[in-house]
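The two complexes that follow have subunit A in common; it is paired with subunit B in the first and with subunit C in the second.
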Partner chain A sequence: MQLFYLLKNEWMLSFMMVVLLILKVADNGRSHSSWIRIFNGLMLVLCVAGWLMPTVEGEAFGGMFFSYKAGAFAKNLLCTGTLFIGLIGEDWLKKTRHVVEFYLLIISTLMGMCFMISAGHMLMFYLSLELASIPLAAMCNFGFEERRSGEAAMKLILSSAFSSGLMLMGISFLYGATGTLSFAQLTLMSSYEPLFIIGFVLLFTGIVFKLSVVPFHLWTADVYEGSPAPVTAFLSVISKGAMVMVFAYILYHVFGALNDVWYTLLYVLSIATMVIGNLFAIRQQNLKRFLAFSSITQIGYILVGISGSSAEGFTAAMYFIVVYLFSNIVAFGVITHIASKTGNETIDSYKGLAKTNPFLAWSMAIALFSLAGVPPTAGFFGKIFLLKAGVGTGNFVLIIVAALNMIVALYYYLRVIRAMFMDSNENAIQPLESGLSLRIALFVCLAGIILTGFAGSIYEYILNLNVGL
Partner chain B sequence: MDSSVISFYAISAFLLTFGVMAVTTRKIFRAAIWLLFSLIGIAALYFWMDFQFLAAVQIIVYIGGIVVLIIFSIFLTQMSGKDMPQALTSRKLIALALSLGGFAFIAHFLAHANYHESSGLVDASMPAIGRKLLSVETGGYALPFELISVLLLASMIGCIVIALKKAQEKP
Partner chain C sequence: MNLGLLLLVPLLTAAAIAFSKGKNMPRVIALGGAFVQLLLCVVLLFAYRTAHQVAPAQGMYFETSYPWFASLGINYHTGVDGISIAMMLLTACVVLAGILVSWNMEKQVKEFFFLLTILSGGAYGFFMALDLFLLFFFLEVAVIPKYLLIGIWGSGKKEYSANKLALMLMGGSALVLVGMLGLYYHSATPADGFSLTNLGKQQIPLDVQLFFFPFLFVGFGIFTALFPFHTWVPDGHSSAPTAASMFLAGISMKLGGYGCLRVAAFLMPEAAHFYSGYIVALAAIAILYGAFATMMQTDLKYMNAYSSVSHCGFVLLGIGMLTPSAISGAVIQMVSHGLMTALFFAAIGMIYERTHTRTIKELGGLLKIMPFISTVFFIAGLCSLGLPGFSGFVAEMTVFVGSWQRPEEMYRVATIVACMSIVVTAVYILRATGMSLMGTIKNKAYEELKDATWNEKVAAVVLIGAILVIGITPFYLTHLIDPGTNQIMENINRYISLN
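This part shows the complex of A and B:
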């Protein structure tokens, strides 16, 4: 029975995969909207069950799988985020071919992330990372008619193969230095031996590649631009969220003894990430590219929080992921809706949106305010906590750079808002009809953006999750 | 220097030569064949280490399966017989310098590392490997084994969807 709760998200996801496969084999002629209803229904059940079922801490399969409270929280969060992405992507999904296959790929990716969060062994970590990235590349290719979609898939698979190569080399060095691959023993045997440090740095590089930290960010903008909008949303929200969680966990709990090594790495990388991400975001015209660079910058802020190397750092990073998930899903919801109805993705085409589609424009504005960190949205509190965690180390240079970057970021987020609210445009986007599921997803996430900031209990809840670690 | 050391260096020289040829040749089909030989070299290294089962798997999976797949996919593309374009000399030089520098850096640390004595002999016999793959106890690999099957399923679905031709629109 313990195993039942220990692997709750994982077994539910695999069960869901089997159900979808059987339904597909049994009845191939089902309509798209019927598949969408089935997926949303199953996913909703999964999320509710995931939140309601008790969380058990412990390990299974001889230490291969390790469950802890913060990880269980992150898994439930990722599943819920995927449910919302399914809702905002409905317009697009109705038009795409192979809707079932899309769902199967998204579920297997999600399963990979769940196993990755709970990995207790380098082998499990590597395999689940692959499970979380190979199907994702196939999903990027789902804009079959467009050349740029295939290009995005190719870029994602090549860059992830390269980063996996680096990571595997690092893992083999770690094995050479210690003779073990299990996290528990690596923690005990970690040392300042050169071989161990090189192995760690290579592993670190592989992970920050997936997080698209500068200078490993070159694939991000092209992949985000080329993929269909719901896939971009999944990439930037769910995939990033899972990676941040795993990254913080591995740094804090497996390589905690190498604290000063990774502090230096994070110090340099976070400054580079924030500055370069911001500078490129200013220049973007395409909204998906714009959000790609914006997400790079946000990762920079998260690194500042993680560098605090305290329980607050971990909590601040997780709290920020919650806020980031809500804000980005709203932003991508609007972009997906407009792109699938009209095909417009540039900032210029959003001019005058507030007059024709006030609801979409306001949703987008609130999401962007939250990403920029303007009070009273939750993004403000998320950033405060990250900076506060970063101050813990007494490195004020890092905090000043981060704060200056947040001001620059305000400029380009406001640029989009100005286009929507102040610029007039004769051929503004016509009033669009938004479906029920899109409206539900947007309302819930907007409520999330506001409430997560004011309900202090959410932050405390996350802080308490980490006590057991 | 005894015969074992000599054979190790011979195998390594074989492996590295074909590895270098695989990445420098300009005909893609030849690259696949040189890759085949360097994979045979790796199988020989496993035999040299007395890991017969691993060597057999290497031959069956990599040489018999993956290289054949690569060759098939090369034949399916149109450019199989043509020379690939020559890279710029400046780029070649940069790539050479970077890879040599990286190699020297890593080799330096590898040569000076303190390796730990392996704790006890590894039982690499086939029954032991089979039991480990299905064991859920400490040191068992049942969970990663199952995870690989999910990964394969997902990859197959992805490949089929990408390769599938557009279905005829229903009237």
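This part shows the complex of A and C:
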């Protein structure tokens, strides 16, 4: 019975996969919208059950699998995020040929992420990481007619392979230095032995590759641009969220003793990530590329938070992930909707949007202001808490760079706002009819953007999850 | 009295506007909301006077504190003293006048009044916040409404101005954020790290003060047009619609002055003392440079915007001098300039709405066509040049008296430089009013124009009334703010006399 609760998200996802497969085998010409309804219904049940079921802390499979409160929270959050992405992607999904396959892929990568968060052993970690990334590449290829979609899939799979290679090399060095791959043993045996440090740095590099931290970010923009918009949303929200969670967990709880080593790494990388992500975002025309660079910058801020003291840094990073999830889903919701109805993805084509589609324009504006960290949106709180956690080390250079970057970031977010609200355009996008699912997703996430910040209890809740870790 | 009401009323008003329909309903709701705000502020004033008589030594009145992010030491902590009440009254007057002036707004009425109401709520929040995080929140909350107000409803090169304003103010906020986190990190007890009142009781180490004071002071200074970061003022104010110009110059710039005084100088008195030479020098440059720049302007709005740079220099000059009278003068100047510049922008807006030009040379003989508006314009001008009987005189006089109390040479020179600007002010004010109001009617089409409507008259009367009250009976205002300034001075003297 303990396993039932320990593996709650994992077994529910597997169950859902089986259900979908059986339905697919017994397929008698079910329509797309019926599949979409089935998936959304199952996902909703899964999310509700996930949040309601009690969280049990403990180990399974001889320490391979390890469940903890913060991890369970993150898994539930990712599942909920996937539900929203299913909702915003409806327009696009109705047009795609292989809707069931898409769902199967999305569930397997989600399952990989869940296992990755709970991994208690390097092998488990590596396997689940691969499970989380290979289906993603297949998902990127879902814009079958478009060349750039295939290109995106290729780029993602190659860069994933490269980072996996680095990571495996690091893991084998760690094994060579200590003779174990279990997280608990590694924590005890971590040392400043050169082999161990090299192993750690390689593992670190492999992970930051997936997080698209500068200078390992080069794949991001092309993959984001080429993939269909809902997949881009998934990549930037769910995939990044899971990686951040795992990254923070590994740094704090496995390699906590090497604090000074990874602090130096984070210090340099976060400055590079914030500055370069921002500078590249300024010149982007395609909104998906634009959000790719903006998400790189956001990762830079998360690194600032993680570099701070343990409990507060972890909490701030998780809190930021919640906020970031809401904001990005709204932004991608609007982009997906407009892209699938009109095919427009550039900032210029959004000119005059506020006059023709006020609801979409205001949603987008609120999401972008949240990403820029302007109050009263939750992004403001998220960013300040990350910086405040970063101050924990007393390094004000980092904070000053981060604060100045907020100005640059505001500049390019304002470009989009300006296009939507101030520029006039004779060929503005026609008034679009938005479906019920999209509206629900946007409304819930907008409420999340506004309310998460004011509800201090959410922050305290996340903080309590981390107590005792 | 519960201060939360002053946040609740704007919020409810904004919500009601968001759900209202048509052209008339939003503006009626907005006006009603603004009127209730003014009423609440007046009630607050009287409640404060009673409370102050009962407990004169209490620093802050009507304090409330709820934990917000308890583990981070962030509380919803509000309270007021005389200075905050003066600023809130100013806000209420300007917002009421602003709504009345934009009564005949045609374009996207609902959104316009919604944003304007949100702005006013942010200003009240800022003036009552006793928690640095809360204060910072309210400082930044205005960024979006200001940007949209200028960008959507503005005129001229509005996108450029809106961008410039948003980015420069964001820069100010970023600096304030660094300073705030610096204070938090170096506070003796982390739980008090954001509390304005508790931090005021601690002595922050000198090296920390010297490092972080410039961040806070320059950060807030950008809001109040600290030279050389004043460049957003002319563009921003000139491109904004009338009500937004009134708000920007009347209240938004005061957020900076208030922050410099309440946060920077109050919490880090030794650093304020150390840097006072630089502050005074920059303020003197702003005063004189602003005045000369104003002289060269041909556009009425640009003229008033540059004169705001010059007038806000007096606020910083007063704060930099660190003497009781000078600080008191700085606060009076904030209130006075807020009212006067709002009146000026209102009058310019009324003229522009009718003649569709703001170029001084194209106007002329307006006094004959629209006597009421012209008189309003003239009164604003006279107040601006510091004619006795108006609030400007009281404010500038107090600043000068306070400044003269600093005997060092450099402060004397700065004071003399500042005094000289009055002459320049007289030149540009008299020239502008002379050319646009007096003389022959230059454009025949103007003869058809009508004088002020009821809403414009009410707006002008509210502002002129406030200016005259301060000008004729300044002791009401000084009695109101003195306990507050004394408290800040006490904090400053306590540590400086130690060295």
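FYI, the second predicted complex is superposed on the first by the 467 of 469 C-alpha atoms of A that agree within 3 Å, B and C clash if a C-alpha of one lies under 4 Å from a C-alpha of the other, contacts with A are read in each partner's own complex, and residues count from 1 in each chain.
Assume a contact is a pair of C-beta atoms (placed from the backbone, for glycine too) under 8 Å apart; a residue touches a chain by one contact, two chains touch by 3 or more.
Being a predicted model, the structure only gives us computed values, none of them experimental.
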First (subunit B), second (subunit C), both or neither: which does A:Glu460 touch? second
Which of subunit B and subunit C A:Gly300 touches, first, second, both or neither: neither
Tell me the contact category for A:Pro135 with respect to subunit B and subunit C: first, second, both or neither. first
Given the touch rule stated above, what does A:Pro230 touch, subunit B (first), subunit C (second), both, or neither? neither
Between subunit B (first) and subunit C (second), which does A:Phe65 come into contact with in this model arrangement: first, second, both, or neither? first
Could you figure out whether subunit B or subunit C reaches more residues of subunit A? B
Once the shared chain is lined up, is A:Phe385 touching subunit B (first), subunit C (second), both, or neither of them? second
Residues of subunit B that touch subunit A when the two form their complex: 106, 109-110, 112-116, 118-119, 135-144, 147-148, 150-151, 153-155, 157-162, 164, 166-167
Subunit A to subunit B touching residues, read off their complex: 14, 17, 60-65, 97-98, 101, 104-105, 108-109, 111-112, 115, 121, 123-124, 127-128, 130-131, 134-135, 137-139, 141-142, 144, 153, 176-179, 193-195, 198
Hey, which residues of subunit A end up touching subunit C in the complex? 312, 369, 374-376, 380, 384-385, 387-388, 391, 394, 396, 399-400, 403-404, 406-407, 410-411, 414, 417-418, 421-423, 456, 459-460, 463
Under the touch definition given earlier, write down the residues of subunit C that touch subunit A in their complex. 67-72, 74, 133, 136-137, 140-141, 143-144, 147-148, 151-152, 158-159, 162-163, 166-167, 170-171, 173-175, 177-178, 181-182, 184-185
